[in-house]
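The following pair of complexes shares a single chain, subunit A, combined with subunit B in the former and subunit C in the latter.
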Partner chain A sequence: MMYRNIDARGMHYTPLNRAIREAVASGVNTIEIEQVMGQRFIADGLRGDVSITIHGVPGGDLGMFMSGPTLIVHGNCEHAPGNTMDDGTIIIHGSAGDATAHSIRGGKVFVRDDIGYRGGIHMKQYLEKSPVLVVGGVFRAFLGEFMAGGLILVLGRNSRAPIRERGIGSGIHGGRIIIRGDVEERYLGVGAKKTDLSDAELTAIFPLIREFGNHFGIDPEPFRHDPYVQITPSSSRPFANKYTWE
Partner chain B sequence: MDGARVKTALSMMDERGSGEGAGYVAYGAFPEFADDYAIHVFFDNIHETKRAVDGELEKWGTIVHEEEIPTYEHPNIRKVHTPWRYFFKPDPSLMPRSTTPDDDIVLHLVMKINTTRPGALIYSSGKNVAVFKASGWPEDVADFYRIQDYKGYLWLGHNRYPTNTPGWWGGAHPFNLLHWSVVHNGEITSYGTNRRFIESYGYQCSMFTDTEVVAYLFDLLVRRHGLTPELAVRALAPPFWDEIDRMPPAEEKICRAIRLTYGPALMNGPFAIVVARPDAMVGFTDRIKLRPLVSGEMGNRLFISSEEAAIRVMEPEVDHITMPKAGEPIIGRVVA
Partner chain C sequence: MTIGSVPVKFRISVDHDQCMLCGRCVENCPYDVFRKENDAIHVNSRKCVACHRCIAMCPRDAISIKERPIDYRSHPVWTTGVREAIYNQARTGKIILAGMGNAQPYPVIFDQLLLDACQVTNPSIDPLREPMELRTYIGKKPSKLEFLQKNGDLDLITYLAPNLQLEAPIMIGHMSYGAISLNAQQSLARAVSEIGTFMGTGEGGLHQSLYPYQAHMIVQVASGRFGVDIDYLERGAAIEIKIGQGAKPGLGGHLPGEKICADVSRTRMIPEGSDAISPAPHHDIYSIEDLKQLVRSLKEATEWKKPVFVKIAAVHNSAAIAAGIARSGADAVVVDGFRGGTGAAPRVFRDHVGIPIEAAVASVDAKLRSQGIRNEVSIIASGGIRESADVAKVIALGADAVYIGTAALVAMGCRVCGTCYRGLCPWGIATQRPDLVARLDPDVASRNVANLIHAWTLELSELIGAAGINSIESLRGNRDRLRAYLLDESIMRVLDVKPVGA
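Here is the complex of A and B:
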């Protein structure tokens, strides 16, 4: 293991990202960044086999276009962590802002607590690329808006309140949203439909819950016995007649 | 608290601006003139327009004190206006039909001077309220006025990225009218409708940008119509009709009445807004949350910002960070 520590106090994101890239280019595979405070675009476009631990509150678009690295954040994130991420893992020990995992095309984002509005907006998948967003807490409106692929899993820890967030899967035309508990039909967005998650389907995604538990030291077993719903496109092309006429 | 910490917080978010406008407001900045209206004016030049403004003020009351607002030469700020402040006492007997003659005299003066006196713009008019704004980056504007020399119990700060009109001193936030100050991130796409509505009540828009209407709407709805700040937010960013249909009867009735009465005040488009008055601060976003807003608390202090890091840089030990729900106000009240 080659290790590098970076003190980001008062540092602009450009020299910070330069320091990260230089470290990775020189063979460092473990980086710890201290005193992060609002620097946006951290690890954007970064490639390679490297694990970066971030202490503090990174600014928006953390890990945008990133392909491969692992980012572990001890703090909350602002808007759009994992924006258009290609591959890799982001693990957030806290909450994240609006548009978490915006347009993500591969890799995994784990959020221990809550996310803001429009989580997983424009999420997509293609061939072997199938991104995942796992949210330990709750979400705000327009979850999975215009979703085209991938999986959003919401565990709803620490909240027994019924979900009252509108537009879930609004404009969804691919992928799946799985939510522990139930969601009233009226909170589904246009083009979304709800079904119960079968035992076999829960078993199939359970490794993700176990992985979530491993990241945050949370016992996954209690999640095995609860009911879940899944929200998917209402048909293979729910918007076929919306913008084009055949 | 002095202005230095607000400046540091804004400098965390320089990417949100373009260096074409920034500003600050401090409540409680003029304790020695606390009972007088602090009329702030941008003069294009003193010799041509100041006498006219003096004359308008003297028609309606007494200029208790006046001074050029101290500024400090800064390489990044071109001083295209001369900022001036008057401490003004209106004569309430001159507006006998009003129940709030002092405020209404000042409101009348602001609208009259801003629309009929080219070369003079009143950009702040509250009691014990100081506004500092110019074209430039937030740090530079702060240094230009040395805002660290001012103390206030309530501060707003803003970094502007003008998109629809050119940046200029009058277009920088905060926008102030009487006791109201407003900072805004976003774009009010219903500006045309809102402007027509507010102008029918005697307000006149003269700043070439959308945020101005928010200050006037709060003045109309809260000061003149007597709505609570909560109800004013319900008017500007109301719940959807399908939500209103499901409310308990009493709440449904008031929400329906507000939407029907204040339909033209409803604001569309993306926005996160913080409005201040001497005893309170209110933050809210548009109903579908197209702009970020984070709040934090520390003891009896409330912080509202676009980004959490900006709060943490002011108060590292902040212990209660939340993201308010879209369209729902977060309100801080001043405790004496």
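Here is the complex of A and C:
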């Protein structure tokens, strides 16, 4: 293991990213960044087999366009961590802002606590690339809007029902959203439909819950016996009947 | 039967004396207008879209097409278009989808502007004899240059932002693989590489076969983020954030599942047959500050080596929006006028939303100059640039360069039939059907497109030479070289152009 420690106090994001890139290029595979205070774009477009632990609160677009690395954040995140991410893992020991995992096309994002509005918006998948967003807490409106692929799993820890906001899966045309507990029909967005998650389906996704538990030291077993619903597209062609030819 | 049949749009007739029954019309028409029966060619005129493929392929000039052979009772208010839209929507209850650019007969401002030429006192320049500078740099220019003097040498210490070097102020705008065929994209890519200019990928990713031309490609990031990964961003010569489009301002895009074949699916990185939906807004942009963040995220991802453009539709407040874009860190603003083309747009948007490029460019240029930030961004004008005179006029109104779209497609055979949304383009341009795509030969089509840009470049040299200018930079924003012919005073004020004779 090659290790590098970076003190980000007072550092602009460009030199910070340059320091990260240089470390990765020199073969470092474990980086710890201290004193992060709102620097945006950390690990933006970064490739490589590297694990980066961030102490503090990173700014927006953490891990944007990232392809491969693992980011572990000890703190909350600003908006859109995992924006248009290609591959890799982001583990957030806290909450994240709006548009978490926006347009993500591969890799995994784990959020221990809550996320803001429009989580997992326009996630998509292609062949072996199928992104995952796991949220331990609750979410705000328009979860999985325009979703085109991948999986969003919301566990709603510490709450009986994690959802009290509208527009879930608005315009969804691929992928699925799984939520612990029930979701009233009126909270579903246009083009979304709800079904119960079968025992077999729960068993199939349980490794993700276990992985979530491992990241945050949370016992996954209590989640095994709860009911879940899944929200999927009522059609993969939501706009197919909207137009007539001139 | 309440409405019944509407009159045919086109009437086809075959001159049977000329016809030699070769059957080329039958083979070439993807709309199934023609059939050969009992030793004669029979037609179904109702299916005709006037793409002229049959006309082009008939060896005996035996086919003729008449537009609107039976028209409605003429009426200045209840036009044919208005009546037929009502019949269509009364039947279907749907939004009318249309192709190409604005089809309303709004006056064209370009056609009311006249260029200047020198006589006697300031002699014109002959491009045959004198070097003419059409090379154009797109990107930020420093507001001043600073030097460090050291042992009699001068070192430039001002940071110079990356610029694109164009051999002529003409680029090809963004038309995605999906909207157009791979053969069409390859033809355009080869043409721009040969000329030394650039083209846009559109929001459809960058197909592997275009990698050899990537140094001349501007990669687009739009709201669907299709085909966008770090590899794609690094391959492009520049990156363009698409906010809006002149053909349908305020709307996103929607490539229907039928057009997502295996290869398009791979390039866009989405499953075959699923709809590719680009929402109206970017989900991470709700303000100029958010735009700044996207601009910077793209620069940061590519280590500040690439210019980043922002494209907006020309709308009422373009000038103020462009001033915000200039402050976002972007290197160029693309303004797309209301005549911009598209494969498919709701008719109501195509025909009624947005403003002309002439007025938008003039007001954007004026606003940026008034705020002292014109050097922060280049202005690229697009949407309805039809000929070299339009290029000269829009540069004189303040643009640095233009994007052409429809003109480049016409150079490849497009007849502007406006039926791109059917996906059956008989010219192999706006289609993914392999037999139709194969009709477009990139060897020939790239030559045609390169010829067009080359010819316009020659004409531009002649035009500016005649105006006594030997560098395109001296034409930029040079409104004194324009005069307005029968434009009203308020438009002349917006354009900052004097009337003819003044």
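Here, the second predicted complex is superposed on the first by the 239 of 246 C-alpha atoms of A that agree within 3 Å, B and C clash if a C-alpha of one lies under 4 Å from a C-alpha of the other, contacts with A are read in each partner's own complex, and residues count from 1 in each chain.
Keep this in mind: contacts are C-beta pairs under 8 Å (C-beta built on N, C-alpha and C of every residue); 3 or more make two chains touch, one makes a residue touch a chain.
Fair warning: this is a prediction, and the values are worked out from it, not measured in the lab.
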Tell me which partner A:64 touches in the superposition: subunit B (first), subunit C (second), both or neither.
second
Please name the chain, subunit B or subunit C, that touches the greater number of residues in subunit A.
C
Which holds for A:146: it touches subunit B only (first), subunit C only (second), both, or neither?
second
By the touch definition at the top of the document, which applies to A:242: first (subunit B), second (subunit C), both, or neither?
second
Partner chain in contact with A:40 - subunit B first, subunit C second, else both or neither:
both
Just subunit B (first), just subunit C (second), both, or neither: which does A:121 touch?
second
Based on the superposed arrangement, let me know which partner A:228 touches: subunit B (first), subunit C (second), both, or neither?
neither
Figure out whether A:97 sits in contact with subunit B (first) or subunit C (second), or with both, or with neither.
first
Given the touch rule stated above, what does A:79 touch, subunit B (first), subunit C (second), both, or neither?
both
Subunit A residues where the subunit B and subunit C footprints coincide 40, 60, 79, 118
Residues of subunit A touching subunit C in their complex?
13-14, 17-18, 21, 40-41, 44-45, 47, 60-61, 64-67, 79-80, 83-84, 86, 99, 102-103, 105, 118, 121-122, 124-126, 129, 145-146, 148-149, 171, 173-174, 236-246
Quick check on the complex: what are the subunit C residues that touch subunit A?
88-89, 91-92, 94-99, 224-225, 228-231, 233-234, 254, 256-257, 265-266, 269-271, 273-275, 277, 279, 283-284, 293, 296-297, 300-304, 346-347, 418, 421-422
What residues of subunit A sit close enough to touch subunit B in their complex?
37-38, 40, 56-57, 59-60, 76, 78-79, 95, 97-98, 116-118, 140-142, 166, 186
In the complex, the residues of subunit B that touch subunit A are 12-13, 15, 240, 242, 288-289, 292, 294, 307-310, 312-313, 321, 323, 325-326
